[in-house]
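Structures are listed in the sections that come next.
One chain, chain A, appears in both complexes that follow, with chain B as partner in the first and chain C in the second.
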Partner chain A sequence: MTTKDKYKKVAYYPGCALEGSGHSYNRSTKAVGKALGLDLVEVKNWNCCGAMEVKNVDPKLQTYLSSRVMSVAANEMDMDVVMAPCNGCYHNLKKAEYDLKNDSESVAVVDRLSKKAGHKTYESGQVETIHALDWIKDTIGEEGLAARVKNSLSGLKIANYYGCMYTRPRHIFPEKDKGPGSESTSKPHFMDDLLAAAGAENVDFPLKTACCGGAHTLSDSDISTKLVLNILKTAKLAGADVIATECPTCHSGLEMHQIRAEKTLGEKVDIKILYFTQLLGMALGLKAKKVGVHENISDSIKFLKAKGLG
Partner chain B sequence: MRSLTELETVFESPPAAGDPEAAAAELLQASEEILEHWITARGDVPGSDKREGFRLLALHRQGAKGDPSFNACRETCREIAYHYNLVTMRDEYSDITDRLSMMAMISRHLFLFISGKMQVAELGEFCCSAKPIRAADGATTT
Partner chain C sequence: MPIHEKSLIRPENLETHDNLVIDGVDVSGHWSTFIKTRVVSDYNETLQEEISALPGGEEIHRCWQCGSCTNACTVNEVNPDFNPRYWIYLIRMGMESELLRDKDIIWQCVSCNKCTYACPRDVFPEGVMKATAHWLERKGHTPKSPSTHFDEVFTEQVLKTGKIEESRTMRRFFARTKQKLLQPWMIEMVKQMINGLPVGMLTRMGLATLIAPRTSDWSKASAAMQEYIDEQHEKQEQALSLAELVETAKNDVAA
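Up next is the complex of A and B:
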């Protein structure tokens, strides 16, 4: 079976953020999948991947929690691919996969907790974890996407922001940096490729993987606000009128600190922040509401209408 | 090595327009100094080696030893080096002022990240702001 066929039907792991602050990412991912004829089967009774609190209390407990998601997909749903659109979930599942392949202590802890919880122990290699970017890039591709575009994104200048966790640490992403066709950990481009295929003009954005201070959004807001403000201003300087995101934490951080920068530092940066799935959805002819633009914190509706989108 | 306050002034000021190459060299020097602060604060001595022609990249590598979260600014350092080259190889580019302005923004990001990380060590780690509490308690549950 080719990768293209393999990814057409995947176990969908939205994760906690996509049920809350990142709901518009959930909505737009599902809408784009439907429009592209791709099948998403939500992981049954999924749990938190262990991001945030659990990982801090005990990293191996996080490994177990991520492994349970993969175990359900593999052993209870007979799926061999899990697609996680959230960078945090994606990162944690990949990290769990790496740990279970390379660390016997992690294997023992996961086995013990899985037996205690009453489900099959996940074994390394049972599933492949992919990001939403891999999913669309490897099934539909740029040519396929371009052929399906109904409302070109032409006229939109986009800075693609991947955040610092999509490619880091490199050792948990063995499929990246494999030459042409694979994703790059130093200069990721899958989002650029897809949005360009939908007609957008990508700007040269040097902070595409820079830290936004996401982990300190609550604990140290001033650092996060300054980092986000610099990202917004750099995108603007690069000529962008939109920042495209592919992570709910990054997205929320950019939106919230854009507002906070204006309130606390008196610096307003007029740039729109949209999930790449929202942009692709509108390019495929979906209404702005259908891809949850009204659920974003920043208001992009007037801007998009002026560009003939949504 | 200038103080963090002095370096902040460099990063907050627009680069001097008259001599782009000198301004780029100043930004590169200031970026090296912020890395020197990080390395010194960790009890090490900043080296003088170069990687790929840049001391900046060697200093980043030195600063990331034993602290993978510091790699969150790896690409930022590489972009500074790249933009330095764009500015100093000016014959090929007509938009030299834009390139210099961009280099200033990237350098500022490095300053914000490292100076922030010197206050909150977990910056650059994913969602690990409570890690010191865990380490202090020595708590594990598995």
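Up next is the complex of A and C:
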């Protein structure tokens, strides 16, 4: 089976954020999958991967939580690929995979907790975890996408923002930095590639993998606001009208602190923030509502209408 | 020969003379500022071991002091006093009192892992920052940081229900850190959020706060994880000699 076929039907792990603040990412991911004829089967009775918090209480607890999701996909659903659109979930599943392959202590803890919890222990290698970007890029690809575009994104200037957890730390992503065709951890480009195929103009954005302070969005809001403000301003300076995102934490962080910067620092940056799946969905001819634009915090509807989208 | 860097040029270590003649040469003015000699005698020889006993701190001994972590650091860019390389140096030297000067900012690490990406020695500085922040709290040098409160509220909810319902986690966090939930920027955010949302969606969100999403058949997993957390906590207390400390304090009071 080629990668192309293998990813056509995947176990879908939305994670907690996509059922709450990131619901529009959930909606648009499913809508894009449907429009492209890709099959998503939600992981049964899934649990939280541990997000950015549980590891600070104990890293191995996070490994266990993530491993349980993979165990359900492999042992109860007989799936061999898990697709997670959230950078946090994607990162944690990858991290768990790495630790279970390389660290015997993690294996022992996960085995012990799995047995006590009453399910099969996940063994490294049972599933492959991919991001929504890999999923579309490897099944449909740029050419396939370009051929399906009904509403070109031409005229949209986009800064692609990938954040921290999609590329760092690099040792948990052994498939990246493997030369042509693979994703780069220093200058990621999968989202750029897909949006360009849909007609958008990507601006040269130096802060693709900068941090939005998402881990402290509430516990240290001032730092988060400063970091987000820098990202927004730099994107604007680079000539972008839209920041495309691929992570619910980054996305809400940018939206929240865009407002907070205006309210607390008097700094207003007029730039739209949209999930890449929302942009792709509209390029494929879906209405703005179908991809949840109305569920975002900031209002992009008028802007998109003016560009002939949605 | 260790370089005691920043600590040497603090105002309290400097001595300035308006009129100074040394060996018959007048060095007043520009050349009249001297760094006082200083003897450090309060080393904590087990500091590095204590930090490495906490999760994330395990690899601290590998550090070469190249500075790549600080150079790449997100928070350092916003606050130059946030200096992972320097703190690793102080910990490895056992210079606890110097470390304590920065105790209130160490928890501000945003876990972006830029340091981990840049580090040539696989020290995992991000983990060292977490271990150090936890060490400060466990030893009573700092109160629990807002970040630790958030981690705890979050983990409690995962243990209880298997999933996170964001608004509940948020409300609990604000309650525990005694902050007002409805800060002006949040009100504005909620206003913008509700604007344009269909009624069905609002009902769904409302329901989610009432009937929190749960993973079913979760109680055994939850109990196993709680048992594991308690065990780890116990081990770490021993490594930090905290039990001993409490015992000594008790005896002191009794005596």
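The definition used in the following text is that the second predicted complex is superposed on the first by the 308 of 310 C-alpha atoms of A that agree within 3 Å, B and C clash if a C-alpha of one lies under 4 Å from a C-alpha of the other, contacts with A are read in each partner's own complex, and residues count from 1 in each chain.
Throughout what follows, a residue touches a chain if its C-beta (ideal position, glycine included) is under 8 Å from a C-beta of that chain, and two chains touch if they have at least 3 such contacts.
Since the structure is predicted, the reported quantities are computational estimates derived from the model, not experimental observations.
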Superposed on chain A, are chain B and chain C clashing or fitting side by side? clash
For A:42 in the superposed arrangement: first (chain B), second (chain C), both or neither? neither
According to the stated criteria, A:168 is in contact with first (chain B), second (chain C), both, or neither; which is it? both
Who does A:68 touch here: chain B (first), chain C (second), both, or neither? second
Chain B versus chain C as contact partner of A:260, first or second or both or neither: second
Using the superposition on chain A described above, determine whether A:16 touches chain B (first), chain C (second), both, or neither. second
Comparing chain C with chain B, which touches more residues belonging to chain A? C
Give one of first, second, both or neither to describe whether A:299 is in contact with chain B, with chain C, with both, or with none. second
Is A:116 touching the first partner chain B, the second partner chain C, both, or neither of them? second
Touching A:177, do we find chain B (first), chain C (second), both, or neither? neither
Clash-wise, after the superposition, say which stretch of chain B runs into chain C: 8-16, 80-88 or 134-142. 134-142
From the superposed pair, tell me which chain A residues show up as contacts to chain B and also as contacts to chain C. 51-53, 55-58, 60-61, 64, 109, 113, 164, 168-169, 210-211, 213-216, 218-220, 223, 226-227
Where on chain A is chain B touching in the complex? 51-53, 55-58, 60-61, 64, 88, 91, 109, 113, 164-165, 168-169, 186-187, 206-211, 213-216, 218-220, 223, 226-227, 230-231, 233-234, 237-238, 249
Chain A - residues contacting chain C, complex: 16-17, 19-21, 23, 45-48, 50-61, 64-65, 68, 109, 112-113, 116-118, 164, 167-170, 185, 210-211, 213-216, 218-220, 223-224, 226-227, 255-256, 259-260, 263-264, 294-295, 297-299, 301
Where on chain C is chain A touching in the complex? 55-56, 74-75, 78, 108, 110-114, 116-117, 124, 127, 130, 134, 145-152, 154-155, 158, 162-167, 170, 173-174, 177, 184-185, 188-189, 192-193, 195-198, 201, 205, 208, 213, 215-218, 220-221, 223-225, 227-229, 232
Show which residues of chain B lie in contact with chain A when the two form their complex. 68, 71-73, 75-76, 78-79, 82-83, 98, 101-102, 105-106, 108-109, 112-113, 116, 119-120, 122-131, 133-134, 139-142
